[in-house]
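Questions regarding the structure given below will be posed in turn.
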Amino acid sequence: MTENLRVAVIGAGRMGADHIQRLHTRIHGADVAAVVDIDLDRAKAAVAHISGAQAFATATEAYESGDVNAVLIATPGFLHEQALLAALKLDLPILCEKPLTPDAASAWKVVEAEVATGRKRIQVGFMRRFDDGYRQLGRLVRSGELGDLLMLHCRHRNPDTPAGFTNEMLITDSVVHEFDAIRYLTSEEITSVQVRLGKATSKAPNGQHDPQHVLIETSSGVLADVEIFVNAQFGYQVATEAAFEDGIVDIGGDGGPYVRRAGRWGGEVTPGFEERFGAAYDAEIQSWVDAALRGEIGGPSAWDGYATAACCEAGVEAQKSGDKVAVVLNEKPALYGGDSQ
Amino acid sequence: MTENLRVAVIGAGRMGADHIQRLHTRIHGADVAAVVDIDLDRAKAAVAHISGAQAFATATEAYESGDVNAVLIATPGFLHEQALLAALKLDLPILCEKPLTPDAASAWKVVEAEVATGRKRIQVGFMRRFDDGYRQLGRLVRSGELGDLLMLHCRHRNPDTPAGFTNEMLITDSVVHEFDAIRYLTSEEITSVQVRLGKATSKAPNGQHDPQHVLIETSSGVLADVEIFVNAQFGYQVATEAAFEDGIVDIGGDGGPYVRRAGRWGGEVTPGFEERFGAAYDAEIQSWVDAALRGEIGGPSAWDGYATAACCEAGVEAQKSGDKVAVVLNEKPALYGGDSQ
Amino acid sequence: MTENLRVAVIGAGRMGADHIQRLHTRIHGADVAAVVDIDLDRAKAAVAHISGAQAFATATEAYESGDVNAVLIATPGFLHEQALLAALKLDLPILCEKPLTPDAASAWKVVEAEVATGRKRIQVGFMRRFDDGYRQLGRLVRSGELGDLLMLHCRHRNPDTPAGFTNEMLITDSVVHEFDAIRYLTSEEITSVQVRLGKATSKAPNGQHDPQHVLIETSSGVLADVEIFVNAQFGYQVATEAAFEDGIVDIGGDGGPYVRRAGRWGGEVTPGFEERFGAAYDAEIQSWVDAALRGEIGGPSAWDGYATAACCEAGVEAQKSGDKVAVVLNEKPALYGGDSQ
Amino acid sequence: MTENLRVAVIGAGRMGADHIQRLHTRIHGADVAAVVDIDLDRAKAAVAHISGAQAFATATEAYESGDVNAVLIATPGFLHEQALLAALKLDLPILCEKPLTPDAASAWKVVEAEVATGRKRIQVGFMRRFDDGYRQLGRLVRSGELGDLLMLHCRHRNPDTPAGFTNEMLITDSVVHEFDAIRYLTSEEITSVQVRLGKATSKAPNGQHDPQHVLIETSSGVLADVEIFVNAQFGYQVATEAAFEDGIVDIGGDGGPYVRRAGRWGGEVTPGFEERFGAAYDAEIQSWVDAALRGEIGGPSAWDGYATAACCEAGVEAQKSGDKVAVVLNEKPALYGGDSQ
């Protein structure tokens, strides 16, 4: 019998707790071996009902326990660089929640460290690539059956934002998913970003200009635009419309029971990303586990993390200047030859 | 220049008033010449803003005015027989709101009187034949492109019922439209009717068993069923699903602006038949006017009125007995050779 | 009895022929009195089956016939200025197909001529204001029930373009409708236009860069964008998504029978603007006739024609320069105080 | 660490192979320990890539291997009785694909054998109870927020049938799912079944009368009807519309990317039950595994298997007679007190 992956989950906050539950109850071939959190009590609470899992305050202790052979990083982004470099040294398979790191320079350091190991060890948590809608749209693009893809119109709407969500995070925390999705759908790099600021909602916290309209170009000239609206009140929605030479495709439509009551037809809007992308997270983690057991990665690479970090930097600058800002990337290392496709 | 049709509208109640407004503001080639109502004040109110139109308490007076050359009958059904026979004698083009008459025997008398005149003068107000959805479904059936039609599942739902709406009227006032629509869609006569009574809503007035499930067969064996639910609270809906050998077709879906708000997606349910079938009424009346100016009828004939009256009789008997009740028709007069198609 | 409007239709091409048919068979209160076309044979063909209508080679002859008391202008746009000034001199009620004139300077001359007459005589043919979807969205904006309107995402897609359709006409013939619709929905003027040119379809004729992404701002900062794609192959589509503070509204969704066959669900795409906006044209012409009989106009004014001409000029310049181009308007004459609302 | 369930899968045909793959790659907490098939080569092929799993020609050998502590029965239904009784004797947790057994008498023997063990060991494979749509509809019924449930309109359509699919199997193999779903949704037993045979498709194999219209009543008088159409050509569809006192709910609508191309809007019809109910099968098996590890069952019980067997018997009789046939059940053993809810 194959040994299951023994995973250390670093970070027991919202995303971490979600992944711990996922690994413990739904993912085949992996078990939670350790939970690491600076807040040791939170780590202990997370493993309370998982026999065979231990709680630690540091990743080093978890690794030294001898029971860990894989790591899932779910801490805030500014802590990723250090955690990634440490795990790369131990040659562990790594699933790193997005972003890889918060900026292009630190992301590039991670890329260089991974390249030095000679193989891809880091998979980045862009889970949209595992969502049925994006997968089917990606297949349509690559099949060529509707001709070339020409434009993408994206909507990314949240009901509201947690405390501490800044104006820059509209780009770095939300639009970052569209940056990767556009790269995934087109198999191209993004070459420029521009941000339009117009009329703002009265429902946003101080400091946020919400919504924003983000204009994106890819290397072959595909035009994309994103309405990012993070205090949209009505609910959660992530949707994309793609204009091809021979047809128009929409993904991300509403679903669920269709109810007619009290003069209204319709259903319930998805309340949040967990409901919208829960199955995609399951598929993502399972893909990582399956690949890790073979010594590979099963999704977006460190290069994808680096390239989107560069987009985010350009996006934040564009937010401030109102200008179109070019996205410039280092040369792609040979290790990542076949990525984003 | 062609003379416009000078129409006497008999009955200035809800449907009559609606048709008066339609003839006066939207229908090309016809004008309201007279409004007839036993309640003369109601007739006078109806013509108050229509220059050239007169109010009368009886149809005879309207005809004697010399200004009328067509008649639209919008009184309650039990008054139709007399009004139809009088108008036939004057050889006027007649648009008669459904039902032709309330029962098969009186409807047959009208048919015989019309046959005696040698041409079709009566058009019956089954306006669904002028609704885009039914028309397109009818074309699909006749084209044969989806193979034979095998089953029809119909829904007829009202938010509530006006005072005086009886249990029999679920059949004679509501399902009567499905009787005609099924005949129109299949180009066949109905051969039997059965009614299932199950759990009833607590929202219906005393005496009504609501909803009911009506089972219908046509001469070639097409099975149809109708959910008639006249106190359905949520709004108005008339929809049909058709199962063909090679495909399934739905008409009557919800429309209008698609709104996402407060955790719900959807739109507004049609509030009533005026909104759902307003355009069909316009098309129906225009078709009658155009045909009348040529000396013809432009829609369902007196035969259709008679055949559906026979279905209603069978339906009411089926409601009481719970049995499958056969629908038996007299031989079809040659005059109506090409009807229902 | 009120006299019907006796309309001279100038121009018997595609749009003119459509309006002649409409006036002759569906519009209450108006008749076709004259058809004017430089190609007299075309004019004669248009009146062949209309008793009481005459054909002329010039508008002057039609007016001198003494049988005309209203005019509908359906010639190419470059002929509008002369026709409008002539009809204004005769104080006729005028329905002028869009555009009012092809550029802002000539449109302003028409505005000045109308202002000199002291009342509004010109209604411009922006028929979207009579489409159910735009009307309902406009009502939602004005009601405030979803909070302020923040963004509009518009799609305008044609299957292909007629011979002679130039790159500039993407703006002046197609986006011009969105210019007016955005003004109508926001009750504001447009302040700037920018055009993004990205990857182009291989299906467009030489000289057209298709599709284009048009970025628009209104005076209060509402951001709008339009995908204009006039060789989109799949069919015709005009749709808008509106982001409000408290909800998202879509209009222009697909309709008609819902068919499941051969592994596919769905229905038929609207083939062209006649099918999509036929009912809106009917409503527009009826509104003009009803208003003209009262000595008023019943829709968009010459001011709306002028303001959209200025948007078109800016749009064409933006197409060439790639820059954001400001839209500058003359001061609004008091005569048009309540327009666009 | 908890031990995983070591499952013997009996039957390596279509459903068996599907469940083997599911247990091996997606289900957490269970492994395939043995595959049993009379055709030993088929069993061997099924375990070829599963380290730690063995192939056997009989269940007895699998049990004697000492490596099995649970059993999933996926053989044809006529073999279930024997397999169930053997597994009950060994006190194993059992997941039995539907039907429990082919008729009510044999199903009752299984119930009695299970009751004799003193606890529920058998879970029956009615996977619709694990489908999101049915779950959400069930919740709506039980919440009472739309008032009482009054009627259910069900559609069960397959593109075609495998060789050997008989006329009786329309009831026993297909409608059996609706029998259970109706019991699940209403929390009531079915009291009668009737079958209408009308016009039949020309696409069905000899011996099948297809489609059929099945009329069902529950103990409180809820009326249900099922269109069962197993050679419907267009694709696969399982959908239900529920009429409540205060609203109408549809589940099972079409989904996936929404494409406009070549004059059509829409998407792809689900091709078969694997695509439609794949996630439900996963959820069902996971629920059984989780419950089995606690010594319980996590879904429909042997009572549900017995009650639906009685419905199938009545349905087949109704198919032949055309009459309404009562469904009569033995008294429910106390062991199953809380089932179907």
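Letters are used for the chains, namely A, B, C and D, taken in the order the chains are written, and counting of residues starts over at 1 for each.
Assume a residue touches a chain if its C-beta (ideal position, glycine included) is under 8 Å from a C-beta of that chain, and two chains touch if they have at least 3 such contacts.
Keep in mind the model is a prediction, meaning the values are calculated, not measured.
Looking at A-B and A-C side by side, the one with more C-beta contacts is A-C.
The chain with its CA mean position farthest from that of chain C is D. In whole angstrom, the spacing between the mean C-alpha positions of chain A and chain D is 37. For the pair chain A and chain C, the distance between C-alpha centroids works out to 44 Å.
With each centre defined as the average position of its C-alpha atoms, the distance from chain A to chain B rounds to 57 Å.
Shown for chain A are the residues in touch with two or more other chains, namely 233-234, 237, 246-248, 259-262.
The touching residues of chain D, when paired with chain B in their complex, are 147-151, 153, 155, 157, 196, 198-203, 211, 213, 215, 217, 220-223, 225, 227, 229, 232-234, 237, 241, 243, 245-248.
Put simply, chain A touches chain D in their complex at residues 1-2, 24-29, 31, 51-52, 132-133, 136-137, 140, 146, 246-251, 253, 255-262, 279, 286, 290. Across the complex, chain C is touched by residues 233-235, 237, 254, 259-269, 271 of chain D.
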